[in-house]
Amino acid sequence: MDWGIAVQNLVSPPVLFFALGLAAAMAKSDLAVPEAVAKALSLYLMLAIGFKGGVAAAGHGFGFDIFLIIGAAALLSFCLPPLAFALLRLTTKLGRIDAAAIAAHYGSISIVTFIAATAALDAAGIDYPGTMVAAAAAMEVPAIACALLLARRGGSDDGESRGHAPWREVALNGSVVLLIGAFIVGLSTGETGYKDIAPFISDPFKGVLCLFLLDMGLVAGRELRQVRKTLTPALLGFGLYMPPLGGIIGGLTGAAIGLNTGGIALLCVLTASASYIAVPAAMRLALPEAKPSLYLTLSLAVTFPFNLTVGIPLYIAIANWLS
Amino acid sequence: MDWGIAVQNLVSPPVLFFALGLAAAMAKSDLAVPEAVAKALSLYLMLAIGFKGGVAAAGHGFGFDIFLIIGAAALLSFCLPPLAFALLRLTTKLGRIDAAAIAAHYGSISIVTFIAATAALDAAGIDYPGTMVAAAAAMEVPAIACALLLARRGGSDDGESRGHAPWREVALNGSVVLLIGAFIVGLSTGETGYKDIAPFISDPFKGVLCLFLLDMGLVAGRELRQVRKTLTPALLGFGLYMPPLGGIIGGLTGAAIGLNTGGIALLCVLTASASYIAVPAAMRLALPEAKPSLYLTLSLAVTFPFNLTVGIPLYIAIANWLS
Amino acid sequence: MDWGIAVQNLVSPPVLFFALGLAAAMAKSDLAVPEAVAKALSLYLMLAIGFKGGVAAAGHGFGFDIFLIIGAAALLSFCLPPLAFALLRLTTKLGRIDAAAIAAHYGSISIVTFIAATAALDAAGIDYPGTMVAAAAAMEVPAIACALLLARRGGSDDGESRGHAPWREVALNGSVVLLIGAFIVGLSTGETGYKDIAPFISDPFKGVLCLFLLDMGLVAGRELRQVRKTLTPALLGFGLYMPPLGGIIGGLTGAAIGLNTGGIALLCVLTASASYIAVPAAMRLALPEAKPSLYLTLSLAVTFPFNLTVGIPLYIAIANWLS
Amino acid sequence: METYPKKRLSIIIEAPFLNRLLDLLDDLEVPGYTALPALAGRGGRGAWRRDSLSSDAGRMVQVLIVLDQEKVPPVLTAVRKVLDRQMGIVTISDVEVLRPDKF
Amino acid sequence: METYPKKRLSIIIEAPFLNRLLDLLDDLEVPGYTALPALAGRGGRGAWRRDSLSSDAGRMVQVLIVLDQEKVPPVLTAVRKVLDRQMGIVTISDVEVLRPDKF
Amino acid sequence: METYPKKRLSIIIEAPFLNRLLDLLDDLEVPGYTALPALAGRGGRGAWRRDSLSSDAGRMVQVLIVLDQEKVPPVLTAVRKVLDRQMGIVTISDVEVLRPDKF
């Protein structure tokens, strides 16, 4: 593991602002980013990362390999939930429904972790394919589908789980639509379009990421303050070992389909990260009996900070080692 | 008509993001821009376009011709509603009140259409006078005044129309005040002030426009989804032929008062476009019996997309032909 | 007094946008900046000014003098309230509680006035130490503490003042935490971090300040419209003479501890300015019997505009004269 | 704990009318009011959701007024005179308060 | 001023269910509804405050429905069938309205 | 459909006090609560509108609590002890609920 990258990551403004938010919330400061603004920041990040991915894909040519990447990503996100589910059922006392709901989160991805990883790769001068954004967009639906199958098996006997499968809501959820849409816009307008709006989507990008991570730190810190009630050691452990486990599987897959170092690192990051926006809302609709406090805390207050600080340099090291 | 400009307009990021929003809303995606953020984006666009207009006016000298432009614009916006009213009464079954309310919208203007047109002119390298922003600000009050006269004639006999004329609200509505105010600030500070705040109001401008048009697409798409209930073919037709009709009248006026090609194109755009923010609110106050679903749908979901995609290249072609 | 700086300040875009907001609100325009957006703008300004201060402190070395500056600032903010309190009790008919609440505001500071002053110094080419931001962060808690002591003396006999001292809320209030936190982040990342996020926190800074001051003008103007009911001539006078009085005390202190011209000017500005965000909320909790209309109007609608227009050039002149 | 009976008036009204209504209530002898924002609604004139509107037109606001039984009819008469058929939904219900002098 | 008795149904429900509930109410014979946003809450499943959530999950919305006494049971039955135990808090109270035909 | 009588407490309170009130309610034996934001208001201490305030001071929030009749006096006593005269407007009304065990 390259300690230079690890240290560089830890003292970069985005990670430090996340730490600031975390500390402020744990100290019960009333610092808060208004909800509408947090949503706007995330729309901005989605739009920018999607668009830049599309422009990069347009530049580097665009062929069979994008389908390979998307296919591998979708497959990974369908196969990870059973692993997470089995681990949870073995090591914790969670019921079928709660375990399935958590598993859905770990099959899916966190786009902000992905963005922070691209920033770390940029800082370390490691190249990655623009099409990886398309992989990110493909990893939500399969994870939810698989988790619902897990929850429903045997669900009939206890009369539970009367929620309706939220296919439409999930497939057309705002983040995915914006990510894919901006990717297509970037693909269509290419460099010309990019030059037009670069002062908006590229120059201030890292600064906006700082502000967004400040808010993420605040939210994670507020979750952590209530942690004692919900987080058993076994669950906490899961939130910490599941990411590198998933990351290795993702990295191996990336190496197998021939991605370059940056691509392997990003596929690592995607499999290692857990959703905390789209999947929680989908789980409320599909598995309303599952406890939101469990899956939100785990994904937002344990896995996300782990990935942002320790995880990203680790996954880059894994990628270096695999390629 | 220069097909280069038309194609360039259609594949520019702003128009593509509008299309993305439209498609997302029609597919019932939950992608949404928070209300406060949409308002902030529109404040930003207003402030930037007004300020830049003022700076341009300060640079190119500032004399009699600005009053000529403003006077012509005000006159156009007072004369267009009777035409729209007559066409609506002839071709549709709308009552006097509804027809007058719609006519007010078409006499007034859409500042976002105006902004998109300036971006298209910039991209095509066509010059236009900075003072055209002042014309935009002058086209709201006369249109509403005229429409209320149309609605009130004969209004006494059926006891309707008890709303109060919202003169104060209209004349001091936020958009107009900000547009004129920023114009005056730009005029006062000139190039020095411009250099100070250019990284805020100029560099990211087109990117912000993309985000705003994404939201406009979402709003227009949601309107369109409910369209079947309110939109008869005659009304739909009106929303499509009224803009070019108005545009030609505006273009002829622009040529008559000696504007350059860009100026003629922008006056075309102003007369062709229809309001969907200030005038709807004013109509609720002044003509509460008029159905908002009619005028909002027509202006926002028919005329606005038409102007943004087909209209702007058409009006530039008209301007080229007239000058 | 250098009239060049005074005029330059008055026709700078930030001050003109403030005037625009003031005029729009007094004319009862419905122009308004959404609450969430105003909060976001102030988060941005806080983050940027704190971060830039930290980077500057990291660059220019960082030693004993920062503690000297912070100590002097804290002392000033503890000593100013008794002066303000005494003046209010002598010249107005306010009770102990109301006078103490107002005094707390004048011991504390307005970060926007501070920011506008740094912009004016930049424009005039006058250098100032980056550590002054730390002084700003240190001037809230002492002022509130002192004012509560003033209010409580003799408070027992009339059974008033049952509010609880909001120490936690004040010490950890969002603005202070963000200011100090961003300062530390800037200190840790130094120039490297700065280059990363400069296109976000530095380039658009002055433009964002314009938008924020537009909102401040709107808010101050709405306050001023209701002024007749609450503002006696003696109170109005206090809002106008207290700032320069405090400013001179601050300036003398700055000269005494050996600050350069810019530093003296900024310490002037800090002592001269009055809080209108953090302290009002703290006063509601600690002294709920005090009338918010009094202290909000005075600080927001009298002292803030005075400082922004006349005050800043005056304090720069004082600093020039003292150094 | 002694309580006193009052009336609670709820007026659901379009946002563009809010300022007019509040100005009117400031003129009337109403002890106070509170306005709350709405997210979505449906009534005789169709449905709306906040995120599908770019303008204030069509958006709703709920205004609550706690007041004396006797003051209800004059307030309602005044409100209806200004706002008429567009005034939206008015409901009246019984509440108890602790400090009767406030209302 | 003559008034007519109606019922006021208040349903406090999680935000992700709101669209489903409103779609259901649009199908049922409900004269209208108004949804209001909430800032914070506590119930059997713990407390939440709006600024501590990045997702819609857990956030609440209040839906008000003014309707005829007779329509209350069928509406409640339909609502409960779809939303079941997660549907949050339902309360029913008496209100008076001015125009009975609207409801 | 069987329903059970409960009380609905509405407390309109200044935003800076909200956190204290909610912390207090978390300590008391209150089955739950919901806080709703307000846009504008007027009372004894004058009028406010949300867009004219840069600070939380003066802004209002409505807190709704559905609870048992017997719990109303102790809750009110506790609330008044902490918040006293600044606590704003308290009203109590009757509601019916479906699941009495929740409250």
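As written, the chain order gives the labels A, B, C, D, E and F, with residue 1 at the start of each chain.
Going forward, a contact is a pair of C-beta atoms (placed from the backbone, for glycine too) under 8 Å apart; a residue touches a chain by one contact, two chains touch by 3 or more.
Remember, it's a predicted structure, so these values are computed and weren't measured experimentally.
A.B. asks: Can you name the chains that touch chain A as well as chain C?
C.D. replies: In this structure, the chains that contact chain C and also chain A are B.
A.B. asks: Work out which chains are contact partners of both chain C and chain E.
C.D. replies: A, F
A.B. asks: With chain centres set to the mean of the C-alpha atoms, which chain is at the far end from chain C?
C.D. replies: Chain centre farthest from chain C's centre: E.
A.B. asks: For chain A versus chain B, which are copies of one sequence, does the interface use mostly the same residue numbers on each side, meaning over half shared, or is it different?
C.D. replies: different
A.B. asks: If you average the Cα atoms per chain, which one ends up farthest from chain B?
C.D. replies: F
A.B. asks: Distance-wise, how many Å sit between the C-alpha centres of chain C and chain F, to the nearest whole number?
C.D. replies: Distance between chain centres: 34 Å.
A.B. asks: Express in whole angstrom the distance between the two chain centres, defined as the mean CA positions of chain C and chain D.
C.D. replies: Averaging C-alpha atoms per chain gives centres 39 Å apart.
A.B. asks: So how far apart, in whole Å, are chain A and chain D when each is placed at the average of its C-alpha atoms?
C.D. replies: For chain A versus chain D, the centre distance works out to 45 Å.
A.B. asks: Using the touch rule from the top of the page, what residues of chain D touch 2 or more other chains?
C.D. replies: 36-37, 49, 93-94 - these are the residues of chain D that touch more than one other chain.
A.B. asks: Where in chain A do residues touch two or more other chains at once?
C.D. replies: In chain A, residues 30, 32-37, 40, 199, 203-204 touch at least two other chains, as defined above.
A.B. asks: So which chains end up touching which?
C.D. replies: A-B, A-C, A-E, B-C, B-D, C-F, D-E, D-F, E-F
A.B. asks: Spell out the residues on chain A that touch chain E in their complex, using ranges where they run on.
C.D. replies: Touch residues, chain A against chain E: 32-35, 38, 162-163, 215-216, 218-219, 222-223, 226, 276-278, 280-281, 283-285, 288-289, 291-293, 296, 300.
A.B. asks: For chain C, which residues are in contact with chain A within the complex?
C.D. replies: Counting only chain C, the residues touching chain A are 34-37, 39-40, 43-44, 47, 51, 168-169, 172-174, 177-178, 181-182, 184-185, 188-189, 193, 196-201, 203-204.
A.B. asks: Would you pull the chain E residues touching chain A in the complex into a rising list?
C.D. replies: The contact residues of chain E facing chain A are 14, 16-17, 20, 45-46, 49-58, 84-86.
A.B. asks: Going by the contact rule at the top, pick out the chain D residues touching chain E in the complex.
C.D. replies: 10, 12, 36-44, 47, 49, 60, 62, 72-73, 76-77, 89-94
A.B. asks: Write out the stretch or stretches of chain F touching chain E in their complex.
C.D. replies: Of all residues in chain F, those touching chain E are 1, 3, 6, 8, 18, 22, 25-26, 30-37, 61, 64, 66, 93-98, 102.
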